[in-house]
Amino acid sequence: MKTSVAVEERPKRVHKPKVVDVKSVDFAYAQTKREHLILQNINLSLYEHELVCVLGPSGCGKSSLLNILAGFQHPTTGTVMIHGDEQTKPNPDVGVVFQHPNLFPWLTIEKNIEFGLKMQKVAKEERKQLVANYLQLVDLTSASKKLPHQLSGGMKQRAAIARTLATDPKVILMDEPFSALDALTREVMQQHLLTIWNQTKKCIFFITHDVEEALKLATRIIVMHPKPGRVVLDTQNPLQSGRYEEGTFQYHEKFMELRQFFISKIREQA
Amino acid sequence: MKNTLVATKSFKVKGLSFLSVLMILLLWTLLSTLKWVDPIFLPTPQSVLHSFISLVVEGYKGTSLVTHLSASLYRLFTALLLALLTAIPLGIICGYSKYILAIFDPIIEFYRPLPPLAYYALLVLWLGIDEGSKVALLFLSAFAPLFIATVASVQRVPQDRINGALTLGASKFNVFIHIILPSALPDIVTGLRTSIGITYATLVAAEMVAATSGIGWMVLDASKYMRSDIVFVGIIIMGLIAILIDSIIRFYQRLAFSWVGK
Amino acid sequence: TSGSENDVPKEIRLGYQASPNGELLAKARGSLEKKYPETQIKWIKFESGRDINNAIAGGSIDFGLVGTPPGAIGVANKLPYKVYYLHDIIGESEALVVKKGADIKSLEDLKGKKIATTFSSTAHYSLLSALKNKNIDLKKENITLLDMQSPDILAAWNRGDIDGAYVWQPLQTNLIHADGNVLISSKEVAKQGSITGEFGIVHEDFAKKYPNIVKGYISILNESVNYYHKNPEKSAELLAKELNLTPKQSLKTMQQLTWLNKSDQKAYFQSNGKLAHVLKDTGDFLEAQKDIPSSPDLKTYQQALLNNFSK
Amino acid sequence: MKNTLVATKSFKVKGLSFLSVLMILLLWTLLSTLKWVDPIFLPTPQSVLHSFISLVVEGYKGTSLVTHLSASLYRLFTALLLALLTAIPLGIICGYSKYILAIFDPIIEFYRPLPPLAYYALLVLWLGIDEGSKVALLFLSAFAPLFIATVASVQRVPQDRINGALTLGASKFNVFIHIILPSALPDIVTGLRTSIGITYATLVAAEMVAATSGIGWMVLDASKYMRSDIVFVGIIIMGLIAILIDSIIRFYQRLAFSWVGK
Amino acid sequence: MKTSVAVEERPKRVHKPKVVDVKSVDFAYAQTKREHLILQNINLSLYEHELVCVLGPSGCGKSSLLNILAGFQHPTTGTVMIHGDEQTKPNPDVGVVFQHPNLFPWLTIEKNIEFGLKMQKVAKEERKQLVANYLQLVDLTSASKKLPHQLSGGMKQRAAIARTLATDPKVILMDEPFSALDALTREVMQQHLLTIWNQTKKCIFFITHDVEEALKLATRIIVMHPKPGRVVLDTQNPLQSGRYEEGTFQYHEKFMELRQFFISKIREQA
């Protein structure tokens, strides 16, 4: 099916500081044959106060790319720079929010959020203050003394976001963070994320398989294709999320059109 | 070991269990009191109760019941403590590195299924007839299940959890202390329960050679003199102690690990 | 390094058996305790010689008492001990007791029966020797030999699990009282050439370190045997408690073995003395039974004897 | 029981395990051949091998090794068969009805943790010294774990699966035959493995009283004559048999239950 | 937010045979207090060749209603009639497709589909023929000899549908059958379902939490509210699924409007 929606194939020149710089990254899992490239020639720059959504069929390498950005895996060739330093191992400059909340189940919500601060030897008084702030930011002050299993899915995911934010990372990577939530909760969480993003002006790298979610959240949308994983589209979101207000954007005349465009783009090779 | 089978016990279920115990006691009383079964084979509940009281008051063969019990429990817990101090650290290391595990794996896989009495003879030869060989036998029984549970529990720590801690700035050491240990602990405690169960089952065997005290020795000795009443008392005490020990650990598990599996 | 004359250990651990002999009397009279008041004396009861072998191998005891077969096994296995005293030669104190109802009048009647005994002991040896002397083959005659220790034999007897048992005292008396008849005793078997006895062993290290204690204990044992010869009734009363028999029964059992005092030892311990030969015969028999892989030569048995008596 | 710890064995891991076994053999050879350790404590590998050959050729004390082995395995498998025939049907019924379970639960919970030797004394009293008491001891060891596994496996059958079968027209009987049984089977077989492990550990104990054959009796008898070489042979044979039995069942599990947990 | 979309509150009078008749059903779980009604006064008629989608916030009793229709639970008061007979226990007149495929994992796909026929003692020859037909209908002929765990999620769910269809039920109940599938697979499955539904003309009762899915599939949409569970809206779908053709319906001028209407309707009380 052909569409004629006009999307700019190059990201707009942004005058914000560069946070992440991926240069000609190839990647293959160690145990598999060298020829089985999972990612090929990835080049990508991410900037402050950007919210980049990554779309692509299952198995195209989205998570693999995120793992490399996080330092969980190492590129086979090429480099990843975070704020000018090469990324070699997981570190608090790069925060990660996983698909499942991944909280430490034996720690209260408060203690979970405090964990990163403690690891970075933030003084006790300051820690307390920061934890209180982030609890408030994600609206969990009243649940602070609870254990994760006593919270609902959405609350847990919010706590996970707060925990990541608390260590003040330069970039936040999120791997389908809301996919396990039910439709209504997901919508609430999207709101929350946008609010927080607008307040903290972080650079967020957000994987999703939901085109609608990408259109709602992203300032910029990346589409990947598999075998080997590569970026086939990298564009500003015409429905700039900055302008997002509930109940209005979905009536945007282009929404259905764009949705269809991205779906077909993802499917092209799948 | 596992929790009692009937998980959520309704009043009706509890009542039935109670009735069942009652029926057994009744049957026992009938069979033995009416002499349908020879009292050497089945002592009367009265005589068992009487023996119990006299055991409490006078002890068995010049040693008080408490001394017998504490002798056995001392052996049991010394062995368990030794197992804790060795199996858990070694298990954690082996859980970390499959190469170190590969070194110990064949040894443990080989000795684990062996009947303890098969190597008890060797232990006695090596360590003598004193407490040494008894504790060693119990230690070997305790070690394998605890080691295996520890290895598995460390291997089971989700990589995401470790990665999560790393991105929050935890050092390798902190990951170990703050992530691996608390994550593995509930499984290790469950392993400890299995381990205690297996070790407990070996207790009487350990008191078979040249013991002069211990609840297991008491039962063995009484059986040689056909004192079925004392054998019964011993068995009942052993059963109750086992249930008590397991209950305590289960209580602790519920208290400390409410987050597990949720 | 051998110890000085006056070295006294903090503790002496003795593995004993309830055999009506001089050692049990010495224990009953507390002679050792009296002689070494500074030393802690620990008496540990064993049911048979094989357990004493194990105990001394593991270093759990200093002194022990074993019968000739476990002793031969120990020597053949180069256990770290020396024989220092022959307590007694076994006579009627060990015997094959059969159930009155089992209709056993002679060894030939054992066909198809179940007989219990403590394996690797004097009793086991005597039983096998008796059968061998009559050319009775266990397999052919379908005789089942069961390995049990004394208390288990009593229980099995009372339950009717076995038809007979080759046992020592005090169990023998108990079985006779529970409808038992003596079919053959070790006295007769000894006459046929298979002598059994019970002797004391001491751990090599202990003997090296405390030679005077060994000598001291030998003199206690000698004194004990002499006391018995002088005061049999009084001795029987003392042993009655240890044996759990009446004094009268005790005396009878005591008379069923030959007690040997120090002067009697020479004949057994001097070079080419009897004991080494008895051990050698026993060892050879055990080898033929495939109980031990090989019986060493006579010299090895001789070297296992502590010769304190030829001087 | 569980699978061998090192799950996916790389070449390197296998090599290390092999090396580890080799090192132990080497150490053993050195210690014993150079007489650093007394041969009654640690016989030389040569003498153990020699004893093994002579056991195979001549047997032990007039009975061939095969006869000893088959005597033991006969006891083991008779007990297991009896346990299978009782524990599984009873376990299935108890898995179905928590009320029937409530009747048996206290009995099994009480006797399960008891050291087998404690009640062996009673069994000998009741059943005599022949095969009866031996098989009964092994049976009791086998029963509890198999029963518990069966109950749990039936309780674990997803209600959805049963409901699904009902909406497809299955009768209650068909649900039992076509749904409950195949669903529970993999867990029952795993329970059987545990059960065999526990029963195997009791094997030597069962051959302690008045046995005249059996691999366990052989080890015990050899130890009375200080035949450490034969004790070693016996232990090695027992270890290998245990590993063999477990491997066979694991092989069957992989073959028959490839669908489990997927 | 007020909307003025015109939806008819009464279902259109349908001249098709009535399949299911729910009359004043109340329901409470046995172990909970009698007063805690999960469902209150449910009245519902379902007709042949209807595809009824049920929407409602989590916990409003959708699954409970389905369980009662299936005979897994019994109404506390009221009756459920299936083709004029009272529903008392699970039976092959009422087919169920669960949220997870719920296939018998030890049986091949073929045998799974054959299971219901065997239970109903259909002759072997006929069984073979029917299984082959249904395998073809759900496009699984090539996977017929495989075990369920060797199939993808979508294939498994298709097999489950075939298994249910094979027993020729009068009504098929589906409890969020596609919610565990990824976005692309879900779309394919929706297509499949519509094709099958059009071929077999079954009465389908379909629970979903996805408004879009309901609008795409349903001939009729029911909205439930919780505490106690009750039907608050029962209406024909203005985007009649009969007219569904890929790529066209989503451009329906009313789609976004209807979507918003139903979302707000569901939320009203949640």
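Each chain carries a letter (A, B, C, D and E) given by its place in the written order, and its residues are counted from 1.
Keep in mind that, in the parts below, a residue touches a chain if its C-beta (ideal position, glycine included) is under 8 Å from a C-beta of that chain, and two chains touch if they have at least 3 such contacts.
No experiment lies behind these values; they were computed from the predicted model shown.
J.: On the document's contact criterion, could you list the chains that touch chain B and likewise touch chain E?
T.: Of all the chains present, those in contact with both chain B and chain E are A, D.
J.: Moving only from a chain to one it touches, give the least number of moves from chain D to chain E.
T.: 1
J.: Which chain's C-alpha centroid is most distant from that of chain A?
T.: For chain A, the chain whose C-alpha mean is farthest off is C.
J.: Any chance you could check whether C-D or B-C wins on number of contacting C-beta pairs?
T.: If we tally the contacting C-beta pairs, C-D comes out ahead.
J.: In whole angstrom, how far does the Cα centroid of chain B sit from the Cα centroid of chain C?
T.: Chain B and chain C have C-alpha centres separated by 39 Å.
J.: Express in whole angstrom the distance between the two chain centres, defined as the mean CA positions of chain C and chain E.
T.: Taking the mean C-alpha position of each chain, the two centres sit 88 Å apart.
J.: State, to the nearest whole Å, the distance from the C-alpha centre of chain A to the C-alpha centre of chain B.
T.: 49
J.: Got the chain D residues that touch at least 2 other chains?
T.: Only 40-41, 124-125, 223, 226 qualify.
J.: Using the touch definition from the top, which residues of chain E touch two or more other chains?
T.: Residue numbers touching two or more other chains: none in chain E.
J.: By residue number and range, which residues of chain C touch two or more other chains?
T.: If we look for residues of chain C contacting two or more partner chains, we find 54, 57, 152, 155.
J.: Quick one: which chain pairs are touching?
T.: All touching pairs, sorted by chain label, are A-B, A-E, B-C, B-D, C-D, D-E.
J.: Residues of chain D touching chain C in their complex?
T.: The touching residues are 38-41, 51, 58, 60-62, 124-125, 128-130, 209-210, 212, 221, 223-227, 229.
J.: Tell me, which parts of chain C touch chain D in their complex?
T.: On the chain C side, the touching residues are 50, 53-54, 57, 73-74, 77-80, 116, 119-120, 139, 144-148, 152, 155-156, 159, 161-162, 286, 289-293.
J.: Under the definition above, what is the set of chain C residues touching chain B in their complex?
T.: So the residues of chain C in touch with chain B come to 44, 46, 51, 54-55, 57-61, 151-152, 154-155, 158.
J.: Would you mind writing out the residues of chain E in touch with chain D in their complex?
T.: Touch residues, chain E against chain D: 70-72, 89-92, 94-96, 98, 100, 102, 104-106, 115-116, 119-120, 147-149, 163-164, 167, 169.
J.: Can you name the residues of chain E that touch chain A in the complex?
T.: Listed in rising order, the residues are 1, 57-58, 182-184, 209-211, 247, 250-251, 255-256, 259-260, 266-267, 270.
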